[in-house]
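Chain naming follows the written order as A, B, C and D, and within any one chain the residues start at number 1.
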Amino acid sequence: MNLIPLLLVIPLAWALLSLLLPRLPIGLLALAGIVLQLGTAAMLWNNVQVHGASSYAIGDWVAPLGITLVADGLTVTLLAMTALIAVVCAFYAIFYLRAYEKERRYFWPLFWFLLAALNGIWLAGDLFNLYVGLELLTLSAVGMVTLSGERHALAAGLRYLYAALLGSLAYLLGVALLYGAYGTLDLGQLSSLLDANLMTQLALALMTFGLLMKTAVFPLHSWLPPAHGGALAPVSAILSALVVKSSFYILARLWMDAGDALMPVSAAQLLGTLGALAIIWGGWQAFRQSEIKMLVAYSTVAQLGYLMLLFPLAIGQSQQSAVLAWQGTMLHLLSHGFAKAAMFLAVGTLVLAVGKKRVVDMAGISAKMPLALFAFGLASISIMGLPPSGGFNAKWLLMQSAIQSGQWHWVAVLLVGSLITASYVFRVFSVSFQKDADPQIRSTHPALDLSALLLAAIAIALGFAAAIPVELLTLPEDML
Amino acid sequence: MNFWLPLLVLATSLVAALFIFTLPEERHALRGSFNLLAAVVKIALVGWMIIAVANQQTFETRFTLMGDIDFVLRADALSLLFAGLSSLLWLFTTIYAMGYLEGTPQRSRFFGFFSLCVASTMGVSMAGNLFTFLIFFEMLTLSTYPLVVHKGSAEALRAGRTYLFYTIGGGVALLVGIASLHALVGHTEFVETGVLRDVSPDLYPALTAIFVLLIAGLGVKAAIVPLHGWLPAAMVAPAPVSALLHAVAVVKAGAFGVVRVIYNVFGVEFSYQLGVLVPLAAVASFTIIWGSIQALRQSDIKKRLAFSTVSQVSYIILGLSLFGPIGTMGGLVHLLHQGIMKVTLFFCAGIFAETLGITRIRDLNGVGKRMPLTSAAFTIGAFGMIGIPPVAGFISKWYLGWGAMEAGLHWVLGVLLVSSLLNAAYFLPVIYRLWFARPAPEWPDEQIPAGRFETNPWLLLPTVITAAFSLGAGVFAAAAWSPLSWAELIAVREYLS
Amino acid sequence: MQFAFDSMLGLGLLACAAGVFWSRDLFRSVVMFIAFGLLLALTWVRLEAPDLALAEAAIGAGLTGVLLLDAIGHLRQHNEHSPRNHWLLPLLCCIALALLLILSFNARPEASISLPQLVAESLPESGVEHPITAVLLNFRSYDTLLEIAVLLVAAVVAMALNDGLAAAARTSTEQSNRDPVLAGFTSRLAPVILLVAIYVLWAGSYMPGGAFQGGAILAAGLVLLKLADFHIERYAESLLRLGLAFGFLVFLAVATSVMIGGRPFLTYPEAFAGQFILFIEAVLTFSIGLILFSLFNQSPGQEVPHDN
Amino acid sequence: MTTDFWFACIGAVLIAMALFTFIRHTHLLRRILAFNIMGSGVFLILVGLAQHQRQTDPVPQALVLTGIVVAVAATALALIIFRRFYQLSGRTELDEDQQ
């Protein structure tokens, strides 16, 4: 029984279970489902490590007629990350949602549909299948953002939905052009067929615009902060750690698998500049935010800028710096996932305990909530890219790639980015150490701090055990 | 066993930190005893390693972090010099801190981060390559920040912000230096006499730039003049923090980094050939003079001691940049001596503040009668700083001068002379006030009455011991296990092989 | 003659779209939108895509139009203030986009893979004669599975937002003042609609039709009943909710049960492929009908918006 | 200038018109209309381009069918959230969009 379809069936089945049988203990049901999924992801991870990449034709129809699912090193690492973050967020949500009775009923079905869409996207090898996966992801994410039903959540949900729909249409237009030109939708086949003509260039440009819109890269990022900042803590953790990365994953696959020879160097540098602007603008906005969740949301906008540095460092550069850039970007994607999820969970616990949202209301909490603050600290070490953390190793790889390809301006961007990140992170810390303020806090369940700590510890552990995922993240074959 | 020992030394304080973090606030006894136990175990392990390394054994922990980068902990002669100093002084400072923080809130948090700091100092001392060194160097920054802002007052938070601004900026410079070195050379291992001996000349400008970046990054923590701003500001921290961290651990980590870069990365011959040693000596000398002049102008005891640290650390860097075994020995031994003496001085400053509430120098009149032992310890420390025999300071200044003569840099001798005079200028008036000035009729805000001891025994005991150590290091300098002989052992290995 | 009709149809489409975008009154925009939908249905016929014509008419123009009209009904004022003033730059970008697209159409490389032949060759094993149903429910059935999931998620979010409302606000207060003409007409029409839906479903396996078109027609019938004040959903609230997810449940169950037999995911046994597809389509039609109806029924609106 | 190519060009113009309205108008309902028409334009290009000078291709037609259903789901969701937002705030634009 092949493992790949299991990763799709489990979340969809559990979505139905939690939708149709609300009287069951939803939390425990969810946990059982996710542990099963984590087990499957782990088994798939190790058999890809042993036997190498494998593909799976659905319905026994071989591409281009049917849809194939591809599980190579990168896919499997991302599947394992998704399962791990989902387990911890589910465990956190069971205790966190006790304070939110109304949202509990519909949180779990949407959570499972979102997970199914994510797994579908990581595994998909077909362009139109990716489109439907993105739509399922968007609708369930918008559903989770608007769960609370208050006015600001609805406005954030609407803004997110409109931006995502516009992005999806641009992506679909690109797919339409590619199908019109080459007659196939399978990414593997396309990567050998693509050649530089106006239709292909325009198609890839449109798809890039659509995916940039969905990844909230700098000029198109205005929908992300209200959506991630306003949502419930486990929701914003999953959105920032996983959902935003899926469209970047498609972009990276598209350019690195199929179009690496097609992207002109000037376009790659433009994407890099957008990334740099995102780092600086996002960081500056985060520094100026008064609400702590908005601060973390703008930090996501900034950190996504680092991912965009993949293109200038890989396209048109030497083979060695391209491999380093690819590994550095994917390691950053991983460690940012864990660290940002830990940060949102920790901040969620603090907001739940203090009852107020602003950074200044957090005065003196280091005495009252040491574990949550410690988790926030560990996570911010990885976000800032200070050793020993996964974030630092990723920054190191990107820096090596920039130095080897002689592009020192990206080294400067990396450094300025970590300085700005340090400025807004330590703003939270200096507030929390004030001695005379003693905030009244509600007691929160220790499980909340434990889950944030676990995720933060994984981000730090990535600093020491980065060798394991990095080997698996070898560049797609045709680039080597 | 050779693989696990360095990791074990690191683990003792890491485990202690994590355990103490989870301890509830009121468990004072358990926390105190656990702290002391960890300190004693660490000293025992480091002692064992010192003996083993003396007869040519090596300890190394190595595992691959990522691709071509390894995480290496190696205990060689140089690393044990710094590790020995830190672990010894950590024991005394822990005793002192337990006495000093009696009855104050947040002690679990304090001692947790305190052990984390020493764990990173151990990591800095035993790092086997620049990458591991950077990991623990940045961990030191992160774990000292909560100690600087421990009091939580607005002034402490401002000091914390300046501290972060300097140290994270330094960290960034260091990161760029190490990254470009790694890109240029392919690895950043510490090798006995340096890695870069046979590098082609057209790389010299790049290597000089990297050298400047590395020294700038390390210079922030070694408080070289333009980058020293955080040290006087950080004096707002509690006394044990200023004593162990800002006089020993953090500042020495910077100096130790400079030693590693010059001796084990660039190699002292190559750096001399590259022509970077003389400008470094110039910068160090300027810092010595400038630091001493600033110390003269300070009216607060701890601020004066802080500026004195700024200038004293540059003695070490001066010694290192003197091309020759004697100069190196002078620098290395001063690393140890200055540590012991400065800790004593900061302990005394802490006692004056805690017992009689004195923080300004002009209130010190006649304190000698009221607190003879503390004043005696302060005097020994001050004499050491000035370089008066038989205290340890004299030995290191003697070797520095001798090394300068060997290296043919006669102006360095002048610098030593002028700085010693300046040291005398800012320490002797304090000593005069202590012993010969007429005491005020009564001490306005005296917290600890003069019982059987002049102050809280927990504070007095470590101060007296460290004073005795600084005296002993001077008198028994020629003995087998003295700091001087250990420095000689290192210098011999650095130059001959 | 054909070219004249096509150009008329194309220009008609553009006129309707212009009408939608530039009429001041929202109600007129929505009406133009429905007209656009009908013209688009005609276009699909011209492009030899009868399935799409059916779907566009039933779902695109029909159901979306109903949802929009229902939304407009609850807005207090229909026209809105002037749009943003900076319009030159967006205009230029959009014109450039259109030109680029059209230019790129003829800079098209020769297609190396011809999917229609592949579909024609493997049509016999797919169990149905109509190629589009074969593609939808056999070759790319995974897409359809995800598509039903998308519909279900939309329904779930609608339910989530509605449960948030105070229960009182939802139950419409007015008693059943049924409009006799509408009621009479609807009660006679409903069985016919049901019959047409089932026929379209049944025909799907060998001629244009299928689950989606059948479901849309079923939904249209249910909406008509709701408008004629036959509140069927009050009787079986939980049954209705089960019905929403029933189609997806069956489709997933079938897809996974074949895996137990050792076949890959979503592979129907060759001999019974046709029966499997028909069974799945039947259940999907029922479910899609209910989902589309609940999207109409769940939309909040009775409560008068307060002015803040 | 076959029928397919003609309608593909019409699709392109529709997309341009819809995008222009999407950018200029901030009224949420008008944007839903623009989104739907843009979707129809993309579907026209998908089928028209695929069948231009080639035989009728069932695959793009199946894709468009799926696209239409997904579009109706997204539009329904947008409408439901908009009406709930309108109920709570009484406004038809998002906050920052207003002049």
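The rule is simple: contacts are C-beta pairs under 8 Å (C-beta built on N, C-alpha and C of every residue); 3 or more make two chains touch, one makes a residue touch a chain.
Which protein is which chain? UniProt says A = Hydrogenase 4 subunit B; B = Proton-conducting membrane transporter; C = Sodium:proton antiporter; D = Na+/H+ antiporter subunit C.
These numbers come from a predicted model, not from an experiment.
Central chain by Cα centroid: A, whose mean Cα position is closest to the mean of all protein Cα atoms. Rounded to whole angstrom, the centroid-to-centroid distance between chain C and chain D, based on C-alpha atoms, equals 13 Å. Centres computed as Cα averages put chain A at a distance of 31 Å from chain C. One simple way to say how far apart two chains are is to compare their mean CA positions; for chain B and chain D this gives 68 Å. If you average the CA atoms of chain A and of chain B, the two centres end up 43 Å from each other. Residues of chain C in contact with at least two other chains: 101, 105, 108, 111, 114-115, 119, 139-140, 143, 147, 150, 153-154, 157, 161, 164. Annotation for chain B: no residues touch 2 or more other chains. Annotation for chain D: residues touching 2 or more other chains are 15, 45, 49, 52, 63, 66, 70, 73-74, 77, 81-82, 84, 88-89.
According to the touch criterion at the top of this document, the contacting chain pairs are A-B, A-C, A-D, C-D. The touching residues of chain A, counted against chain D in their complex, run 128, 132, 135, 138-139, 142-143, 146, 149-151, 154-155, 157-159, 161-162, 165-166, 169, 172-173, 175-177, 179-180, 183, 222. Residue ranges on chain C touching chain A, taken from their complex, read 100-101, 103-105, 107-109, 111-115, 118-119, 122, 138-143, 145-147, 149-150, 152-154, 156-157, 159-161, 163-164, 241-242, 245, 248-249, 252, 255-256, 259, 263-268. Against chain D, in their complex, chain C makes its touches with residues 2-3, 6-7, 10, 13-14, 17-18, 20-21, 26, 29-30, 33, 36, 40, 43-44, 46-49, 51-52, 55-56, 59-60, 63-64, 67-68, 71-72, 74-75, 80, 83-84, 87, 90-91, 93-95, 97-98, 101-102, 105, 108, 111, 114-116, 119, 131-132, 134-136, 139-140, 143-144, 147, 150-151, 153-154, 157-158, 161, 164, 212, 288, 292, 295-296, 298-301, 303, 305-308.
By the touch criterion given at the top, residues 1-2, 5, 8-9, 12-13, 15-16, 19-20, 56-61, 64-67, 102, 105-106, 109-110, 113, 116-117, 120, 128-129, 132-133, 135-136, 139-140, 142-143, 146-147, 149, 177, 180-184, 189, 193, 195, 197-200, 202-203 of chain A touch chain C in their complex. Of all the residues in chain D, the ones that touch chain A in their complex are 15, 22, 28, 31, 35, 38-39, 42, 45-46, 49-50, 52, 60, 63, 66-67, 70, 73-74, 77-78, 81-82, 84-85, 88-89, 94-96.
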